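You will see subunit A twice below: alongside subunit B first, and alongside subunit C after that.
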Partner chain A sequence: MITTLLFILFAGMAIGCAIAMVSQSNPLYSAISLIGVFIALASLYVMLAAPFIAAVQVIVYAGAIMVLVIFVIMLLNVEHVEPRRKRLKWLVPVAVAMAAVLIAETAFILYSVQTSQANLRASGSEVGLTYSIGVNLFTTYLLPFEITSILLLMAIVGAMSLARRATILSPVARVVPGSQVLAMDLVNPGSTSDLPAVEADTTAEVRRLMGVDMPSDVQKDD
Partner chain B sequence: MTIVFLTIMLLVAFTVLAERRVLAFIQGRVGPNRVGFGGVLQPFADFIKTMMKEDLVPDQSTKFVFLLAPMVAVVTAIMTLIVYPFGPTVTIPFLGTFPLVIARFDVALLYLLGVTSVGVYGIALAGWSSNNKYSLMGGLRSAAQMISYELALGLALIGVILIASTLDLFTIVEQQSAWYGMQWNIFYQPIGFILYLIAAIAETNRVPFDLPEAETELVAGFHTEYSSIKFLLFFNAEYINMITVSMLATTLFLGGWNVPFAAYLFGPGTILFALVSVIGFFAKILFFLFLYIWLRGTLPRFRFDQLMNFGWKFLLPAAILNIVVTATVLFFTTG
Partner chain C sequence: MEPQLSWYLALSAILFTIGTVGVIIKRNVIAMFMCIELMLNAVNLTFIAFSSFFQDVTGQLFVFIVMTVAAAEAAVGLGIIITIFRNRESLDVDDASILKL
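Presenting the complex of A and B:
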């Protein structure tokens, strides 16, 4: 009885948050709704006797990835973005087809679970525990586990090399001697391409490039 | 559960008082000593005063998120309390035998890390929704800082998990009760303990890692715009976090409720033994809280680039090295 009530509560929360996530125009509200979805899903995992998955769900998705997303939204300070309806027109039939596939998959899973419910009950509550997951990860599924971690490592290295190339190795990015790369060049590399190259006098050069006018006596003090 | 909640709230109140008094003594002042005997009632006076203040909401703020943020902060702080073992298994007449812990489950440690990582949102959203550039800076700084130090914090704990080979906190404490209650993990994991302590201080945004609320540059950072009960919630959350972090350090490294020789003097399972153990547990927490205050009175604040360099280039590699060494030693000793 209580299980059913809790399931309805958390499932409703997940669906409600998911709808809110898609329908919000403010990106930060969408992100908060997505966190709600993750937490509701984690609660459902706990009810399915899989506490390890639930904890990892909260740590990885709600705790790490969404913090980064919110971080970026806060940094960019995007306010209400008007939806561009004309560009999205061709997406409608694709979305309908995808939804049909998803519903078919769900129906198939529901059907197969209902036919094999006896097997599920027999495997008991040991499945979701840390010990059994650890043992399986490092024995039966060792190769997929290692391949996944190498894939993630490659993604990290790739992201780092792309980010570095965009800033330091870009031909238009200019490095002021003895200081950081100018923020202006990073944001809009094309805008400064017609400016002369960086000179040796750093403070004056930074001021000239940033467009800050300083009285000449202040410049001498520096 | 109610008892635990009330105890922690009282502990919060007196930690605030202790902080003000100890800081005063460190700085050669007297501190608040007028309300009650030696200032004992000062936190309650402060509480009433703060509650009486007008609850201001900035005009341009995002109202819903502005309201949500302090709730997230305080709820996640309180949620962590349920997994800590306060004392041993005790037999009380007419009530039966039970362990002195609210909830005991398989992934207690992961649960702690998960709830702590959700706690970041309280501060980050508060900074964003206030629509104040100081608050935004504070929120951004704290998000960056907590992401960076959470990694080092989690990795510093893995050494203990390797030794204990369980994530259940109650079992970890019980494993440390050999050697007359002195087989504490700190003797096996001294580096892990120091790394955890540093990362924990950074995680709770305390001096010398209190950049999110650096009052000299950010005007109190993320909670600049908060007043009255909402400010009180943030304040509470910060001190509860200090206490829970100290509790985790005690549980994992200093033997939890294990008091040397107590089990032999009073016999396991008796009420007296449980009482001594609970007192021992809280004594260890108080030591950590004193350490916090001591550090605040002693150390200056980091610069932000120093903070990031320290977290990513020193703490994280040191924690990984600690894991490798621990795993190697365990491989050759236990086979």
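Presenting the complex of A and C:
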């Protein structure tokens, strides 16, 4: 009885926060509603005897990913959404109608099939404990674990190279520090040399090597 | 009456549908990204419900991997959003239509 009440409470919180997230126009309110969904889902995971995943959900999703999203929202200083353009007006009712059809189909399927014989055995269950997850992660599922670590390394390298700033060296040349080989011909179009390449680690070094004087009002960050 | 497996699956389907509606409706690219995260979480709930009802730890391990992939995708996706915003000064998805025929 109590588990049913708790399920209804957390499920209602999850669905309510999800609908609030979709219907808000301010992205910051949407982010906070999504954090509410994550907390409700973590509570449901505890009810399903998965305490480790519940803790990881709060730490990783609500604690790291949503903080990153809120950083980006505040960094880009997003304003409210402008009024919808004319050609998109029919999208919202059609999307909601199709969602209602999908939910009706799901309800029909769920209530017309036999209930499975599997019962929830939350008490005394040893499946969700940290020990069993750890043992399986390092014996049976070692390969996905190692591939995931390489994936995280790729994400770090990708995010760093995306966030790098390119500076303008002259009206016809740009320098991306550490990653670009700059031809002398780009800076001095009248040179007759055979495109010697200039390789450097910082913009200041390239500027010094090429002898380019940078007026301070031309330099801008992009 | 205990919460049945079908209840958890129905909740996951509803959350997934709400996330899909959000991806279709929203014009702000960060809001679309958050709706994608909601869809990922709905699938996580399905995995953990099955793992609990059939006493198999594979579902929870897969959820672990999915969370890791979602974190990596969040980092790179937000980096792409920042780069697009720098060049374009607009977070409206409808403005990013250069590749349209």
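Here is the rule we go by: the second predicted complex is superposed on the first by the 122 of 222 C-alpha atoms of A that agree within 3 Å, B and C clash if a C-alpha of one lies under 4 Å from a C-alpha of the other, contacts with A are read in each partner's own complex, and residues count from 1 in each chain.
Rule of thumb we're sticking to: contacts are C-beta pairs under 8 Å (C-beta built on N, C-alpha and C of every residue); 3 or more make two chains touch, one makes a residue touch a chain.
Keep in mind that this is a model prediction, so the values were computed, not measured.
Undergrad: A:Leu75 contacts which: subunit B (first), subunit C (second), both, neither?
TA: Both partners.
Undergrad: In this superposed model, does subunit C or subunit B come into contact with more residues of subunit A?
TA: Here the partner covering more residues of subunit A is C.
Undergrad: Using the touch definition from the top, say if A:Ala18 reaches subunit B (first), subunit C (second), both or neither.
TA: The answer is second: A:Ala18 touches subunit C but not subunit B.
Undergrad: Which of the two partners, first being subunit B and second being subunit C, lies in contact with A:Thr130: first, second, both, or neither?
TA: first
Undergrad: First (subunit B), second (subunit C), both or neither: which does A:Ile32 touch?
TA: first
Undergrad: Once the structures are superposed on A, label A:Val58 by its partner contacts, choosing first (subunit B), second (subunit C), both or neither.
TA: The answer is first: A:Val58 touches subunit B but not subunit C.
Undergrad: In the superposed arrangement, which partner chain does A:Val67 touch: subunit B (first), subunit C (second), both, or neither?
TA: A:Val67 contacts subunit B only, not subunit C.
Undergrad: Of the partners subunit B and subunit C, which touch A:Tyr141 in the superposed model: first, second, both, neither?
TA: After superposing on A, A:Tyr141 lies in contact with subunit C but is clear of subunit B.
Undergrad: Share the list of subunit A residues that count as touching for subunit B in one structure and for subunit C in the other.
TA: Common interface on subunit A, subunit B vs subunit C: 52, 56, 64, 68, 75.
Undergrad: Where on subunit C does subunit A make contact in their complex?
TA: Against subunit A, the touching part of subunit C is residues 1-11, 13-15, 17-22, 24-28, 30-31, 33-35, 37-38, 41, 44-45, 48-49, 51-58, 60-61, 63-65, 67-76, 78-83, 85-87, 91-92, 94.
Undergrad: Give the list of subunit B residues in touch with subunit A in this complex.
TA: Interface residues on the subunit B side: 62, 65, 68, 105-107, 110-111, 113-118, 120-121, 124-125, 127-128, 136, 139-140, 143-144, 146-147, 150, 167.
Undergrad: Under the stated contact criterion, what part of subunit A meets subunit B in this complex?
TA: Counting only subunit A, the residues touching subunit B are 28-29, 32, 35, 39, 42, 51-52, 54-56, 58-59, 62-64, 67-68, 70-71, 74-75, 129-130.
Undergrad: Contact residues on subunit A for subunit C in the complex?
TA: For this pair, the touching residues of subunit A are 3-4, 7, 11, 14-15, 18-19, 21-22, 27, 30-31, 34, 37-38, 41, 44-45, 47-50, 52-53, 56-57, 60-61, 64-65, 68-69, 72-73, 75-76, 78, 81-82, 84-85, 88, 91-92, 95-96, 98-99, 102-103, 106-107, 110, 115-116, 118-122, 125, 127-128, 132-133, 136-137, 141, 144, 148, 151-152, 154-156, 158-159, 162-163, 222.
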